[in-house]
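There are two complexes below, and they share subunit A, which is joined by subunit B in the first and by subunit C in the second.
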Partner chain A sequence: MGFYKLLFVEGKKLIFQRDIYIALFICTVLFWLAINSNPEPSSPFQFWKSLASVMPWIGYWFVSVLIVVGVARCLPFEREQGMEELIHTYKKGRLHLLVVKQVTLLIYCALVVFYFYLLAIAAYAMQYDTGGLFAQVRMAESPYVSVNPSWTFAQLLLYEYGYLVLAAYIFALSILFLSFIIKRSVFIIMIAGGSFAAGEIFYFFLLRYIGTMEISKYPYFINRYGFNGMLGFNYLDSLTADYISAIQVYGLFAVIIVLLFLLNLAAKRWMRHVALGD
Partner chain B sequence: MLLWEIRKIIGNRWNLAFILCVVSLWGATLYLSGQAGSYQIYNRTLSFWHVLGSLSVGFFILFISTRIFISDKEDQVKEVILATRYGKGSLLLTRMLAVITCSSICIATLTIIQVFGFILFIPNETDMVSLPLHLSRALLFALIGGTLFSIFAACVCLLFNSQTATVIVCGFLFGMTYMLRSDLLQSYSLLWLLDKGFFSYLIRAKGVVMELEWPFLLSWYGCLLFLLISATIKIQARRHEL
Partner chain C sequence: MKSKHDDEIKALLMYKQIPPVDEEEKRELVHKLKAYMPVSQAAPSKIMQQLIQKAFTSIYRDHKIELFVLLTFLLLAYSFMPASDVWIVIMSTSPIPIFLAGWHLLNGQSNDMVELELTYKYTFHQVLFSKIIAIVAWNLGIYSVALLYLLGIKNMDISLYFFHIVILGLTPIITFSLALLLLSIKYRRETSWTVVILTWIFFVLLSLQTPLGTFLIEVNVLFYVLLNGSLVLFLLHRLQHLWRTERLSDGIL
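== the complex of A and B ==
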């Protein structure tokens, strides 16, 4: 089976999972309720300002949930369906299959992020005037991200979209690595979702108590630049912007992705050798 | 039969990690609260069920106890189990009872951890006087909430026939109360229902006694469980699993 045909088959296998649609339905309802719960008064460029802020504010939670649910079943699917033996006989080897699975995940991440932006556009278009796509960001800068103020809103949103897709893909590849060690999808969800939730609980609850203590700087750093911070656009806030530019962030993410991609392939190869006993 | 099912839940290897995790988190919380004085430890003990206790109960029910409803399918012994001697309905009832018993055991264990932590960090007799009243009230609500949520999760698991789907649906509904700010919500609105209508509000035992909307909430809990149990029985029967 050629690369594109296999990509199509893997994509079909991924998007036909019922669990993703259950999570998608719940996330859609909650995201819609969150956007409409506290509308800000209308002002010039409010539509674009809100759109640029929605993902760093709350959207990344829902993106993370869908990434966890989708990726958690990506590898254990064959095992849980009892067709693992069939995969062992695959002509081009399982490494080729893993490459395809990882490419499928990139497409999945891009689709999930696109869906939530689309939902936000629909929700905000009902509240605000949509004019000003090519106005400069300095006219109404987003409080969450710090980018070149001469960028237009179109550039900012395109950049944000790419940023979130890359961040989500890094998260997805890490969960995929986890699924080499943990065999059941529900426990992958538990550990990946739990670690993400723990990061949020740390930021919103625990930091209030230990924020002034010396020891808090280590977990704070991990939270700030770990998955939570990455998905929550912390790499683009004013504190980080002094050290690394917006374009360099893309480069950094690309390096992490390549490393994780290769790490997953190496892990799979190593596990095959362990299974064969050589 | 009931004991056998209970042993299956208690024997889950995640239980030990779960208890160790709760103990260490609770110990760290009390230690950090202790930096601000003993009164802070007392307050923290009273609010045990607000975050750590309630989340632990939710975790236990969703990841550990509900698994018995799906383990037959995963262990590929479903066909054998469906031929059970005393009827599949009896088996379902036994499992429901096992899940309820285990959630009660979990809540009792968490209460012991809560009290033991308090005694370890603040052995002050004056503070101990009002503690049993607060603790027993919170324990009562946690037990009621835990029981109802166990039944709810079990029904969802049987309906979807998947633990992953159960974790997603029940996890979201259970977790809503941590994301919403109850005091800002309008009574009887959709967000208010999401905040209070799915049992985590009871387990958290935060201002539950002051609630004025009790008649509505009780009817909601009753209707929700009645509909869910009826749907479960009907769909189980249609699948010839009863």
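== the complex of A and C ==
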């Protein structure tokens, strides 16, 4: 089976998961409710400012939920369907299949992020005037992202979209790595989703009480630069912007992605040797 | 007028040897015929009562430690929470028993297990019906105990505000009961339930971190009364349908 055909089959396998649609339905309702429950007074470029802020504000929660649900069954699917033995006979080898699975995940991440941006555009377009796509960001700066103020809103949104796709893909590849260790998809969802939620609970609630303690600086650092911070655009806020530019963040993410991609392939190869006993 | 055959018939009836009845054959025939006769069963209400009682006690027997820990956690949460956050704690914690019991319910519902349950004395849907009712009853029981404790410890008056938060807390219980029922019938996968729990955690975060929480508490209580009423009616309708169903949607008898 050729690469594109296999990509199509893997994509079909992914989008036929019922759990994704359950999560998508609930997340859509919650995202829509949250956006509409917070109508800020209309001001010039409010539409673009809100759009640039919505993902670092709450949007990344929903992206992460869908990533966890979608990726959790990506590897255990064959085993849970009882067709693992069949995969062993695959002509081009399972590494090729894993490469295709990882590419499918990139497309999935891009689609999920795109869906939530589309939802936000629809929700904000009903509240604010949509003019000013090519106005400079300095006209209405988002409190969540610190980029070159001479960028236009079009540039900023394009950049944000790419940023979130890459961050979501890093998260997805890490969950994929987790599924080499944990065999049941339900436990993968529990561990990946639970630890992400725990990170958010720590940041928003626990830090209020233990923020002054010396010990809190380690979990704070992990939270800030771990998956939560990465998906929450912490790499673009004013604290980080002094050390690393927006473009360098893309470079950093690209390096992490390549490393994780190769790590997953190596893990698969290693597991095959373990299974063969050599 | 006598026919010429009358004497022959008379003689045949008088002297013909009737074959003796084979008692064994007779018993077999009766047994076979009985298989086609309607089976007498106890009244449905009696079966329902028995099954619910069994499901109720089995939840207690299998999960008493979890229930005790959960109740302790709720009482502690209610004791230490600030008065301003009462509503969010009640709303976010009220469906926890359903989450726990739902997890156990769906975890045990693999297709193999369902096929095994189909051979039981009671039908699969009757057992599922009783389990759902028992889970909801346990949840409402724990919710009531926690609310009574709250009334005592916080010296809250039974006011319209209290009524509002009680109704608000009932909404997730009824919603997730319905979700559990629908997922048990349709998907029977524990991952679906895990997804529901995960999204609930993010809903709670959203209620605390965004104006969504304030928005929800400011909605008129009548809306929640109507919503809960409709959900209860839908739940009862689905339960009634489940009790009468003889075959699951995916073709398993």
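Heads up, the rule we're going with is that the second predicted complex is superposed on the first by the 278 of 278 C-alpha atoms of A that agree within 3 Å, B and C clash if a C-alpha of one lies under 4 Å from a C-alpha of the other, contacts with A are read in each partner's own complex, and residues count from 1 in each chain.
Note that contacts are C-beta pairs under 8 Å (C-beta built on N, C-alpha and C of every residue); 3 or more make two chains touch, one makes a residue touch a chain.
A quick note: this is a predicted structure, and the numbers were derived from the prediction, not measured.
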With everything superposed onto subunit A, say whether subunit B and subunit C fit together or clash. clash
Is A:D237 in contact with subunit B, with subunit C, with both, or with neither (first, second, both, neither)? neither
Based on the superposed arrangement, let me know which partner A:F62 touches: subunit B (first), subunit C (second), both, or neither? second
Have a look at where A:L33 lands relative to subunit B and subunit C in the superposition and call it first, second, both or neither. both
Can A:M213 be said to touch subunit B (first), subunit C (second), both, or neither? first
For A:S185, is the partner it touches subunit B (first), subunit C (second), both, or none of the two (neither)? both
Tell me which partner touches more residues of subunit A in the superposed arrangement, subunit B or subunit C. C
If both complexes are laid over each other on chain A, which piece of subunit B (7-15, 25-33 or 97-105) hits subunit C? 97-105
Dual-contact residues of subunit A, meaning touching subunit B and subunit C, are 18-19, 22-23, 26, 30, 33, 37, 69, 72-73, 185-186, 189-190, 193, 201, 205
Touching subunit A in the complex: which residues of subunit B? 29, 32-33, 35, 51, 63, 74, 160, 162-165, 167-169, 171-172, 176, 190-191
In the complex of these two chains, what residues of subunit A are touching subunit B? 18-19, 22-23, 26, 30, 33, 37, 69, 72-73, 80, 184-187, 189-190, 193, 201, 205, 209-210, 213
Tell me, which parts of subunit A touch subunit C in their complex? 18-19, 22-23, 26-27, 30, 33-34, 37-38, 57-58, 61-62, 65, 68-69, 72-73, 185-186, 189-190, 193-194, 197, 200-201, 204-205
Touch list for subunit C against partner subunit A, complex: 107, 187, 189-192, 194-196, 198-199, 201-203, 205-206, 208-212, 214-215
